[in-house]
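Chain IDs A, B, C and D follow the sequence of writing; residue 1 opens each chain.
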Amino acid sequence: MLDPNTPTIRTDLAVEARQLSRERAGELTELPGIRASDTTAEGFPVSVVEVLDGRGEKAIGKPVGRYVTLELDALMRREDSAFSRGVRALAALIRDFLPEGFSGDCLVVGLGNREITPDAVGPLTAEHVLATRHLKVQLPRDFAAFRSVSAVCTGVLGTTGIESGDFVRALAQELEPGLVFAVDALASRSMDRLCRTVQLSDTGIVPGSGVGNARLALNRESLGVPVIAIGVPTVVDAATLTLDLAGRAGISLKPESFGPLGGMIVTPRDIDRSVRDVGKLIGYGLNMAFHDGLTVEEMDMLLS
Amino acid sequence: MLDPNTPTIRTDLAVEARQLSRERAGELTELPGIRASDTTAEGFPVSVVEVLDGRGEKAIGKPVGRYVTLELDALMRREDSAFSRGVRALAALIRDFLPEGFSGDCLVVGLGNREITPDAVGPLTAEHVLATRHLKVQLPRDFAAFRSVSAVCTGVLGTTGIESGDFVRALAQELEPGLVFAVDALASRSMDRLCRTVQLSDTGIVPGSGVGNARLALNRESLGVPVIAIGVPTVVDAATLTLDLAGRAGISLKPESFGPLGGMIVTPRDIDRSVRDVGKLIGYGLNMAFHDGLTVEEMDMLLS
Amino acid sequence: MLDPNTPTIRTDLAVEARQLSRERAGELTELPGIRASDTTAEGFPVSVVEVLDGRGEKAIGKPVGRYVTLELDALMRREDSAFSRGVRALAALIRDFLPEGFSGDCLVVGLGNREITPDAVGPLTAEHVLATRHLKVQLPRDFAAFRSVSAVCTGVLGTTGIESGDFVRALAQELEPGLVFAVDALASRSMDRLCRTVQLSDTGIVPGSGVGNARLALNRESLGVPVIAIGVPTVVDAATLTLDLAGRAGISLKPESFGPLGGMIVTPRDIDRSVRDVGKLIGYGLNMAFHDGLTVEEMDMLLS
Amino acid sequence: MLDPNTPTIRTDLAVEARQLSRERAGELTELPGIRASDTTAEGFPVSVVEVLDGRGEKAIGKPVGRYVTLELDALMRREDSAFSRGVRALAALIRDFLPEGFSGDCLVVGLGNREITPDAVGPLTAEHVLATRHLKVQLPRDFAAFRSVSAVCTGVLGTTGIESGDFVRALAQELEPGLVFAVDALASRSMDRLCRTVQLSDTGIVPGSGVGNARLALNRESLGVPVIAIGVPTVVDAATLTLDLAGRAGISLKPESFGPLGGMIVTPRDIDRSVRDVGKLIGYGLNMAFHDGLTVEEMDMLLS
């Protein structure tokens, strides 16, 4: 049980929350209500954490559901094939989240603020999603082989005056998609994961959690359809970093120490480029999962 | 009656459509079902064209309603005060369109494609609109003096897969605004008007008309609330320019002559800057009309 | 001989200037001091116009030199292979301009204003040029196979206070390149050519000619090394369009008719995207001409 | 004396380097070869650190010269007047660096990478500098009252292939300015200073120091004219933050602890906006220092 007066280590990743709880419990055995396993996709490590029940929720502070984490290479951009491999790996994991024989419409929602680099993952992803809904309406025969996909950005409350939740619910009622994909930036505990870990979950997400202030939920309860959350950590709280390293050094810091850390984030120096890259990767991964046989080259051509 | 084989002179401005019809009719008397008058606002010329009935609709090809055109200076940016004067003039005209004692929510919709300069008026306007809806919800007392305003961009069909009409109807059903403002780029006949004429009308508009392909209507019929259209001509059809000048030279061109003109537009050389300026002007004009006593300086501070 | 009071048809393309002079002369025979021929590259039409002497200069108003024009497809972006074919075609033509056995440094200069879409060809090209000069200095062995290339943008006089000519001469004196490539936007007579014709010449160019006001020359005389000019027409003068079409209609317009046309340009509606595409094409064409065996895929990876 | 195996606390600010050395020396008395004093400008705190000789250089690791640090408010943007006050304060400090009766040309150089937010201070500043050199050449009478100013960005080595030092030396030889202002992003020890402390010095700077890799110097030795450096800290090394906080907690971390911190930076969450603001502030401060009587309003008009 944490002292409410000290800042806590912040992470939006289930795989880190589990690790953290185990460290605290000092146990090597699995936590109650949690099931975890590791696998790979296209050679990239994949971790699966399942929160089975209330005990699991209590243990790691995440709602019941399945959390899948893909770990991409640091040097993805260096070797071209790695990008295609990453897209294929992500597409395979996304397909696992599609209901058996699902053939409904898909709505992809890019959350976050395009103007704030670490928060732009959602909007940058939406830019790389191939919208087909209108084409299937206009030319049903030609596009029979394609899934119906629409893609929007909610913008941010400060500039629209509209909660992301209200925004998406309005569109979901109008478009009646069978599935919603909500893409957002996250915060992680570990800097190693920034811009190269992708978390998928069937629990939906809370918009803005990636930048520190929670809003209306985006999930099956609020939208009436399954919501697949896709998130990428782009920042580490400066307070989390400090607390974490202090913890490892076996010392406890006073709350006062964290004053100056408020509103400060830790990011990779090349965050601008990294966020662009991962936004493209997720967009392409969604396209490949939605449309059988679509290649990266074809997407380059259609979306450039 | 026009020969269907020859291209027609294209304009989205009622004031030009009226002039054109009178030229064709060769009349100096007013057209049937049309009432027109001139005035000024803050020293800028203002033209009012009212389409009174079906005869008027037939005469100028615009739906029944009131069309108000504000003519701004060419050199607005040169003298600072001219910008403020333009904002005040536009704000006054916008207020005239607010129903008597109206106190409902306002939804501002920026139509068009941010990535295509002459089509970016709507998105650039939305960027300069002060969103207050969430503030009035969160801090009702502090913002009691402000009108509730939200501002969104619909994006374009090709990238979202969603018709602007569907998009706005969805939001209107969720937000239940009392009034919708739809801002879009237009095409005019005259190059003199590009980026410095603003047309307001109570008829709503057809998204995309500014760039040549009509879609679902945005008006009281489709949204259930009054829709004030605000448009700015940013292009002249190359075909219109040619037909127009040929006409003045007293010669008629063969349809073949227009082949190469397809998809070509005439714009000012400094269109990028002009569109940014007029987007800011309209956004500020809306803010000033919505919120009594708000100054340009305050908007500069709040929106920069 | 043209009446100085009437505007002239404006073109920066030698191939159009030659055609125009022949139309005026009403001759089918070749002009004095001009040699012209047609060929193809990768299936794209290529026109070569050589100005042999003073008579030729007088005949078409272009300095003595070789002008090569590549005509790319309208639909380049639609079929992916067309882009690679265009790059290979351009690279082959650029190589023809390299002096026999040339092994010196290359300096690529992007002229024009990034903030004005039709004037942004130069800056957009520079963005896609692979800079290697520093790598050859730092890691001479690893980059032995690469040519030494640097790439700069001059910015525009209004924002830098520095003439492009002064800017480039300063760099040429410091870097001592063996060859300078100056990339700029041009104006053409024909709308068909906009954003898909590339002119190369060994005469250098006059910065700003693409947007209407000439400045210091960029050529062997001013820089002391050969200057290869690469230009793309992105605009047609509205006055040129009008004069041209009027001429075809066999009527002559009065100078007054051109008042409203001042500062107006004709561009494709999708100029933003077209200019981005052609800037990438030229940058890639230069890279392929400079570095043997470099592929489009490799450039995508290195420059993304 | 620091153990070479442990990372050191990194700062580009003389005022912090002095503080750090005094902490280490555990002295309250001044360091040898250093003179320091505090004052204010327009109500903002100003610190002056002078490195008098070799002993001072050794003591704080900065070359002999004068370092002036302006501390701006955190909430500058909130109150409009604060921006104007900040501009006036900076202008006054800049004027102090102009040689007595100086009337020569000024060259402002924006260093750093526009594409990497925390490194974009230089380019963003250059955008807000009023270039007058060409106007004084073209219209000497009209602009007699203005100083001759040119403004350029060097771009980054990776995309130009040209060292910033070579770039600026080339321009300095061509333009023969009497004074060069080099604007760059810095790293500080304290997060409180990010994006709101401005350091001026007469020592010149080393391009790239703001992002971790030193290059050719930009100073009187390399350029032959005085170089005023203007820098703003936009990042704190993640390693520095950790080392610093650990130090305060009285514990020493092992070098291993810093592996994951490589290439990580700490920035404010709203770095994108903060960097834009401070770039505008410096550009305006330079304009006000250069041109007597120029107001913020006039700059808004001339530079928008």
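What to note about this one:
Assume contacts are C-beta pairs under 8 Å (C-beta built on N, C-alpha and C of every residue); 3 or more make two chains touch, one makes a residue touch a chain.
Nothing here was measured: the structure is a model prediction, and the numbers come from that model.
The chain with its C-alpha centre at the largest distance from the centre of subunit A is C. Shared residue numbers account for over half of those found at the interface formed by subunit A and subunit B, and the copies are therefore classed as meeting with the same residues.
Between subunit A and subunit B the centroid-to-centroid distance comes to 39 Å (mean Cα coordinates, whole Å). For this pair, subunit B with subunit C, the centres built from the Cα atoms lie 37 Å apart. Not a single residue in subunit A touches at least two other chains.
Within the complex formed with subunit B, the subunit A residues making contact are 127, 131-135, 148-153, 155, 157-163, 166-167, 169-171, 173-175.
Across the complex, subunit B is touched by residues 115-118, 190-192, 194, 211-212, 235-236, 238, 241-242, 245-246, 248-249, 251, 253, 257, 260-261, 263-273 of subunit C.
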